[in-house]
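Chain nomenclature is as follows: A, B, C, D, E, F, G, H, I and J, assigned in order of appearance, with residue numbering initiated at 1 for each chain independently.
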Amino acid sequence: MNKKYGKVAIEKVELELWENPTTERDYEIDLEFPEFTCLCPRSGYPDFATIKAFYTPDKSVVELKSFKLYLNSFRDIAISHEEVTNKIFGDLETALKPRRLTVTGDFNPRGNLKTVIRVSSEE
Amino acid sequence: MNKKYGKVAIEKVELELWENPTTERDYEIDLEFPEFTCLCPRSGYPDFATIKAFYTPDKSVVELKSFKLYLNSFRDIAISHEEVTNKIFGDLETALKPRRLTVTGDFNPRGNLKTVIRVSSEE
Amino acid sequence: MNKKYGKVAIEKVELELWENPTTERDYEIDLEFPEFTCLCPRSGYPDFATIKAFYTPDKSVVELKSFKLYLNSFRDIAISHEEVTNKIFGDLETALKPRRLTVTGDFNPRGNLKTVIRVSSEE
Amino acid sequence: MNKKYGKVAIEKVELELWENPTTERDYEIDLEFPEFTCLCPRSGYPDFATIKAFYTPDKSVVELKSFKLYLNSFRDIAISHEEVTNKIFGDLETALKPRRLTVTGDFNPRGNLKTVIRVSSEE
Amino acid sequence: MNKKYGKVAIEKVELELWENPTTERDYEIDLEFPEFTCLCPRSGYPDFATIKAFYTPDKSVVELKSFKLYLNSFRDIAISHEEVTNKIFGDLETALKPRRLTVTGDFNPRGNLKTVIRVSSEE
Amino acid sequence: MNKKYGKVAIEKVELELWENPTTERDYEIDLEFPEFTCLCPRSGYPDFATIKAFYTPDKSVVELKSFKLYLNSFRDIAISHEEVTNKIFGDLETALKPRRLTVTGDFNPRGNLKTVIRVSSEE
Amino acid sequence: MNKKYGKVAIEKVELELWENPTTERDYEIDLEFPEFTCLCPRSGYPDFATIKAFYTPDKSVVELKSFKLYLNSFRDIAISHEEVTNKIFGDLETALKPRRLTVTGDFNPRGNLKTVIRVSSEE
Amino acid sequence: MNKKYGKVAIEKVELELWENPTTERDYEIDLEFPEFTCLCPRSGYPDFATIKAFYTPDKSVVELKSFKLYLNSFRDIAISHEEVTNKIFGDLETALKPRRLTVTGDFNPRGNLKTVIRVSSEE
Amino acid sequence: MNKKYGKVAIEKVELELWENPTTERDYEIDLEFPEFTCLCPRSGYPDFATIKAFYTPDKSVVELKSFKLYLNSFRDIAISHEEVTNKIFGDLETALKPRRLTVTGDFNPRGNLKTVIRVSSEE
Amino acid sequence: MNKKYGKVAIEKVELELWENPTTERDYEIDLEFPEFTCLCPRSGYPDFATIKAFYTPDKSVVELKSFKLYLNSFRDIAISHEEVTNKIFGDLETALKPRRLTVTGDFNPRGNLKTVIRVSSEE
């Protein structure tokens, strides 16, 4: 159960898609996960963040437990703040092809330097 | 204990309609119900949410006790966050034919992942 | 003491009008009364609300004590949230013919369902 | 001690004017006085309010102590909320001929009915 | 939909016990569950509460998921506020034989009447 | 060190100017001093204020200690709220020739009448 | 650096001790670490907590970076809330032999059930 | 390790650049560092500030630890508030050539005079 | 002016003492300095803290500017949280021989581990 | 009007006493004056404080305007935080001979070092 994932393995954590029950109208889904952790690519020490995703679905919505497991799968990955926020954005965009999508990574301070990354399909 | 109800049963809970006492002007009705509970379609465990409805009535307004009983009737239904929010929107829209309608489902965290769904007839 | 009033009786509570001391300019009057109570037309139980009125007077302003007595006169009237908010709006509009008027009824939860009704002459 | 002033007496409380030290540019003066009291014209009981004046001076500014004494002079005047707020607006406008002026009377609740009056030369 | 369960059924939901890892010293365990729901024995309508348990373990601690499932098992039981709080206290006391135990049921208002029940082995 | 300044003397307190290190771009400097005191020209009693200056420098910035000493130099000057706020604006404008400048004098209440003066080169 | 520890390995993460610079008087050291994570022994999913330690040193104080690394070393250990809080208490007590010690584990909710464990040498 | 830097030395503290992992879209990076300290060029006493940088990267992002060490390198530099805020802006602009950049220096009061400097590539 | 102090040098920063103006009664002096910084003895990186001293003077009080310069003199000293808090306590105790004294060092988090040290002559 | 007082002169500012209207019972008088200013005996720069006096009168109470003028009379006196707080305590004690008295001087930070002095007749 605690199997570690290499850089390749992480690609295989599937985001399970459910059919959007009402595609005929735009609506908003707002997700927030305060227990994200990965590893610093420089020091190897753990990093912590709150990940937020806000989207308007098209054909699909992401099943919530698979999204949580997907986020959990970064636990042993060494990846920078910028890269992981963009990767979550990219993976959701590829899987869901949503009408609109914003992903925010709000990271705990390191060396008392606080970082927030925000990636959006909106201007 | 977690016996599921089929899609048919829920249809029979009637939203009682009262005549809108003043159709000649637009006005706003804002409803909020913090005691919504249904069942997770994957795990069967209970989900909890605050349901909000905000509308401008046309011919009819929804009688408040029947709306509460309607919301209570989801107690043993296995249904996803997205589907139940859209279903409440759809049932209100069909019954009331309101001039404007927004429905929000603000769900308690599951696995510490928090979800808010918002469906609106407005852009 | 708990004598019930029929629909007719309530009509006779007079809103006393005072002459607007300065009709030559628009100005705003903002009234808020947190002690409104009437009866539920379905259960007969008391309902409680804060009533707000916000208006720009034309020829007349409403005398404050008569407005309070007018609001008090609903104490034994069985009337829905929507109807009473619209009735207060209508009575003020008829009596004052104000340049602008908004009336809000902010009702205490019933069965933990909270309701706010807002009627306005503004878009 | 409670000698009442007639309508004439109040007119004689002088707003002292000081020359505006810099008429060549617009600037803003914001005054707030939380200790205003007058008498209810119906019951004779005291009313209390915070009076605010916000203006852009032209030739003159109002000397502060005389403005306070002017406001104090309403202590034994029986006058409605609407009338007194408009009278303060009018007296300042006549005396100062300011470029812009707003006067607000924020009155304590009476019979738990709260009233705010706002008069402005701005739209 | 509101089918009631007999007293027997609820008895069979097992509280799983884990061995207390350090019985040689007193320590405190503080549990709080805001998603408790059962049914009103008079009206059959759902009731909602936050259940808190605070105890000093002796030989055993309660496994957390089984405690949550135990609390979930009241979902379709018609039981009063007083009875259910005392039953949870009794079931924990019987299963855990703790050195000290306090159980609190903090119930949502009904008819805007709020109820809190507190049962404790302490004076 | 405690030498008192007459009306003339105050002119001689020098605002020390430092060269703006980067004139090629607009940027904002925001200063706030809560310990301003001068004397009331009518009663001779002390007045107290917070003085704020917000500017975009051109060729020069004001050295901070000299600005504080400049503000301290009003300690024994009898000057009205309006005049002193405009004088500080004028002295900064003359010395700095800034691209934009706003000065605010936020005075403690006198006779419970609170006054705020705001002078700006912006509309 | 990301080497995973089995149940045995964790014993080997050394708490580095520094000599208490002033043993002649009692004083208090208060540590708080909001980024603790371990694994649930039942589900294998990650748990999160804030760990607090409050102690009066005798001969030794714990070096802070080694304490953080010690807490980090639980990242891949499957251990219950009760056991891990008691283990941290025991390890600090064994290493530091402090005059007084309290350890608190304040865990994020699981299944919306929140748990706080508090172990203390004080009554 | 505690080597002091002269005016020349500071130039040599390298901002390490990492490749922007996704240059094909604009996104926002928000950094905040509350532990900035340098020396007052007039008195030699330490100054303290919170430094904020907000940018949209182009080819490069700044590695976080090198940014912190860069900010730490001002610890023994005598430099004014205006100059240091503009220097940080300039160094980031030169190194990153970002699409947009804002740097804010929010300095602790000196002589109870508080200063905030804000430099931005945006109007 | 920026001369650095070695371990020996720090001993020579004099706390200037002023005669206590009223030794005949106990009274309390409460000092708080949020700009304390020293160096980590392990990493050499800067540490930051708020230092608080609370005492009842006997013969002497500490002159405030000399106390600030004394605290500033730790800027380049490598010293642990525990040692520096105890050293400040000891230096004040030796110099002032106060009737009562408490010193608190409230340090910024390092590695997100927050530390507060409190040394007191009171039980 | 702006005559300066030397050390002797200050003695002559009279605290006017009024007879305590009800000596037969203990009661509390709580005074707070946020506009106290004097001069630093070392630098000559102005200091600012809030002075609080809390007392139980015996034969006399202090007239409020004379107390304010007494506090204003320190405006040009060079005196330390400790001495001035004790002097105000002593002057009130000598004049009023109150049953209990506490005086607090809450001074604005100097060099970001904040000082509060508290003198009390209570243990």
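Side notes on the structure shown:
The working rule: a residue touches a chain if its C-beta (ideal position, glycine included) is under 8 Å from a C-beta of that chain, and two chains touch if they have at least 3 such contacts.
Being a predicted model, the structure only gives us computed values, none of them experimental.
Shared contact partners of chain F and chain J, listed by label, are H. When every chain is reduced to the mean of its CA atoms, the largest separation from chain G belongs to D. Our note on geometry: chain A versus chain B, Cα centroid distance of 29 Å, whole angstroms.
Between the Cα centres of chain E and chain H there is a gap of 55 Å. Chain E and chain I have CA centres that are 51 Å apart.
Listed for chain F are residues 34-35, each touching two or more other chains.
Going by the touch rule set out above, the chain pairs that meet are A-B, A-G, A-H, A-I, B-C, B-E, B-G, C-D, C-E, D-F, E-G, F-H, F-J, G-I, H-I, H-J, I-J.
Interface of chain A with chain G (complex): residues 1-2, 4, 34-35, 37, 39, 43-46, 48, 72, 75-76, 78, 108.
Across the interface of their complex, chain H is touched by residues 18, 20-22, 25, 27-35, 57, 61, 63-65, 67-68 of chain F. Every residue of chain C that touches chain E in the complex is listed here, in rising order: 45, 108-109, 111-112.
Residues of chain B touching chain A in their complex: 42-43, 80-83, 85-87, 90, 110-121, 123.
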